[in-house]
Amino acid sequence: MKQYFSEIYTGGKSLVEGLGVTFKALFQPIVTVQYPREEIDITPNYRGHIDLVLDPEKNTFLCISCGMCEKACPSDCIKIKGEKLEGEKKKTLVLFELDFTKCSLCGACVESCPKDALEFSQEYNLAAFSREAFHFDILKRLEERRT
Amino acid sequence: METISILPPELIRMLIAVIIIISFLFLNAIMMGYLERKIAAHVQRRPGPMEVGFHGILQLIVDGVKLLGKELLIPFKVDRTLFRVAPLLSFTPVILPLLVIPFSEKLQARDLNLGLIFIVSMGSVNVMALLVAGWGSNNKYAMFGAMRAVAQSIAFEIPILLSMLAVVLMCNTFSLKEIVGAQEKIWFVFLQPLAFLIYVIAGVAETNRAPFDLPEAESELTAGFHTEYSGMGFSLFFIGEYTNMFIVASVAAVLFLGGWHGPHLPYGEYLGIVWFFLKVYFLLFLMIMIRWTYPRVRFDQLLNFAWKYLVPFSFVNILITAVLVKL
Amino acid sequence: MLESDFQKKNRFFLNMGPQHPSTHGVLLIVLEMSGEYVLDPQPVLGFIHRMHEKMAESRPCQSFMPNTARMDYVCALPYNHGYVSLVERKAGIEVPRRAEYIRVITSELNRVASHLLWLGAYLLDLGAFTPILYGFDDREHILDILEDITGSRLTYCYYRFGGVNQDIDDKFVDSTRAFIKRLRKRFVIYEKLVTKNIIFIKRTENIGIVSPDMALRYGMTGPNLRGSGIAYDVRKNEPYSIYPEFDFEVPVGEQGDCLDRYMVRVREMEQSLRIIEQALDRLPEGPVRAKVPKNIKLSPGDCNFAVEAARGELSYYLVGDGTGVPYRLKVRVPSYSNLSCLPELGRGILLPDLVSILGSFDLVIPEMDR
Amino acid sequence: MAQETTNFKQDILFHEFNATETDYNQRGYHLEVALEVNQVRKFAQKAYDQGFFLVFVTGFHVLPEETEEGTTSGLNGVYQFARFDRLYRIKGQVSVPEDMSLPSICDIYQGADWHERETRDLYGINFEGHPNLKPLLLSDEDTDFHPLLKEEKKLKSLEKVSWPPEALESVDADTDAKASSTDSIDS
């Protein structure tokens, strides 16, 4: 009998305390943001998909098309091609494609690059209607940034 | 009366009242839906609906339009008649109790001298709708929900009635208007705190609200009795639930919180409705807060709670009340 | 009680899942029921089986790193940790101390994040809506902290053979300390809102009691085992990394019911915070990544490495053949063994109790299916 | 922290089975037990009586070998056990005979139920005495598809994927027990 009443007391008290927590929260400021209207700055260390580094002096890429990133990629999503252009000793990058549908953002390519020619982009708003939209032409993206 | 007119004035009065009440039902569901979402959001420290209208105030209207536009899916092998009747059955009986509730001294569709009993009996029809919905859906989860609803309703009807009886004992009438009239000096909540508490707890259970929302327990039964309903079928249940909440809260306001009584207002016999609504929505606010705070009780615990705690306490309460009234 | 003729005749099957709110993913449990009593719950796995073990056999061991994070996405860093430590043990790579400190700090942060998410999800199973958003609020801070150094929020690929990918800075240390302070305050709220709540206690006390013998027969590990009173924690029993240097307790329960499992996890969060604090205090200077050969050769022979993930003992078992590609990699995941006791545990209980038990096991379905 | 007190050689498991003590820091387990098919159940029973729990059951596929009794199937069953109370991990390995069947231990360790079903999925090893050997991770239609069986040209012989025998002799449990590979490093 004593237990019966003490249970009512402790139980009731715990319920009131719980209500107190939510009631207090009701008047506390909101912690979320309304996403498309407000945006939080993302950290500079964010790892988006890869991009070619733009060398500010030469205004071109640093890539020497050695193919290390292609080899390092666990999912074979990088495809690069270098060609020897006329009058140049080394190969020049002519194709750099990233199949983002397979990419797991592990960063192995960036680490493997001997010239530090790759970086992570800061883009996270990636949505599209087709798979093909995620076959990025990284070289073209660099060209766009150049102009 | 000696002259039989085609439309007696009483009938016209009732018709107008019903129309007002039905339109109020929808308005109440929209308001409650908005309130629930906003309060839940702020309890969880997020803004809630913000897009449609100022602070998302029109969100529920847009949602209603969406629900109207949705296809009424009728699953394979359901009992078609029962499946279609159930939402109506949940929606229609909730109109009737509102006819006898005194919103203010002069705003009452019909003052039945057995008003309280009328409300209780109409309220019990609601569980029929849940049973029919669960039975007709050809879904085991829905069936579970329906069965739980019936057991729960039977268990909690008794403490509700007993707590009401304590008030009736004090003022010797079942007419809601007279009960409110008896509270002019002091509200019954101060004389009958235990009955009030029992009524509120049992009322939350009667309306199938969390923590007693077993018939629709979404983490156990996906959506309980309305698992298979879509579009307007679902929203009729939804409106029915909110109206039930409103009825339970307004009966509480009438029985315990002094109905339309409050500080003096001009045209008090009509504007008493302001106090009435404030009391009702305060109780509804409390019910919403409770929903967003507690976990759900288990089925047998719920029945245990009703039979081992609420019923004995309400008997004791009635006994004490009877003795004191006699003195 | 369950063997009456009526109930024998009126048995039926109920498919709980693969799309059910409280199976936390695509898990199907076929319930043989009588009324609301569950007579025989049989889990059906494999809806998201991806054959990680085959992937491991078909690529160099470095390339398997991203996969490890995708088994248990809620608590990915211990999975990283186990795998890098396994290869380091096999190839005899030595890890700088600072790197080990960073690994421990981030792993423990991830464990706290996992437990916070579990706490919310469990309460959601029991029908309380609000705790999950409070849990998310706190967890979001951890994810922000981890994102700042690892670059991702959920499926981390941060550890490397011989160290970590990126060094931590003062900002990380400060924000971690601030977070620890904040979470300690928040524990008070959780206690008021959840732990003391009478409805919560009634829903978890004496439900789903796992006896120590049963835990042993099914090979349960982690908080689920510790709830039964056995203080088995890989961090203590089979010390790896620099865990022996820290002072922390292994919380255990008493009788192995859902409430004990809950309490163990809550107290484990506090212990994790202690470990993080100690590690931050003693954080040594130095390199974070040792020089390792570009193509790591896995010498012939097998090797095992066990770590304590948020859900229990995670064992990697590797068979090398002298090349850089593992000949065989077995991943022993904790949830798999933990759930396997459900058919025995869930016999003759009510459906809401089954939901309560499932939630208290802290299941991550992709981890079980691999 | 390491439990130097455990003398693995005095263990009953060591005496009754063909067990070898191994270097924990190198391999991550203490005892390697080479089992015969008919010893599996006895071994599991002994391990259970001693208070070990089952970590996992799995297999791996090597080149089939010619022995006196005939060709082996090339499959190996691997059982790992550990203890809750102290650091002690054992590995049992058994060569699966040509009829691709092993005795089931799921009545001794109920937890082995799922591990054996999984091993059947991935390798096609038939566990005799298992009450419910249905596909677990793979779909029900895939009863004959065993993804972890390797192609002929990728198979290696058992010696090539085992520790060289001389490694066993260099074990010095007393001196190495404390210094694990990770915490002996100087910063």
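Every chain is named by a letter (A, B, C and D) in the order it is written, and numbering of its residues begins at 1.
Convention: a residue touches a chain if its C-beta (ideal position, glycine included) is under 8 Å from a C-beta of that chain, and two chains touch if they have at least 3 such contacts.
Not measured: the values here are computed from a predicted model.
Steps from chain A to chain C, taking the shortest chain of touch contacts, total 1. Ranked by C-beta contact pairs, the top pair of chains is C-D. Centre-to-centre, using mean CA coordinates, chain A is 41 Å away from chain D. For the pair chain A and chain B, the distance between C-alpha centroids works out to 50 Å. Taking the mean of the C-alpha atoms as each chain's centre, chain C and chain D sit 24 Å apart.
Per-chain Cα centroids separate chain B from chain C by 44 Å.
Contact with two or more other chains is made by residues 130, 134, 137, 193, 197, 199 of chain C. Shown for chain A are the residues that touch two or more other chains, namely 15, 18, 21-22, 25, 31.
For chain B, residues that reach two or more other chains under the stated contact definition are 43-46, 292-294.
Of all possible chain pairs, the ones that touch are A-B, A-C, B-C, C-D. Contacts from chain D toward chain C in the complex involve residues 1-2, 25-29, 48, 51, 53-56, 58, 60-61, 78, 80, 82, 84-87, 89, 91, 109-111, 113-115, 122, 135-139, 147-148, 150, 156, 159-164, 167, 180-187. On chain B, the positions that touch chain C within their shared complex are 40, 43-46, 140-141, 144, 210-211, 213, 217-220, 222, 291-301. Against chain B, the residues of chain A that register as touching in their complex are 8, 15, 18-19, 21-23, 25-32, 34. For chain A in complex with chain C, the residues that touch the partner chain are 7, 10-12, 14-15, 17-18, 20-22, 25, 31, 42-43, 45-47, 72-75, 104-108, 111, 120.
Every residue of chain B that touches chain A in the complex is listed here, in rising order: 39, 42-47, 50, 289-290, 292-294, 309.
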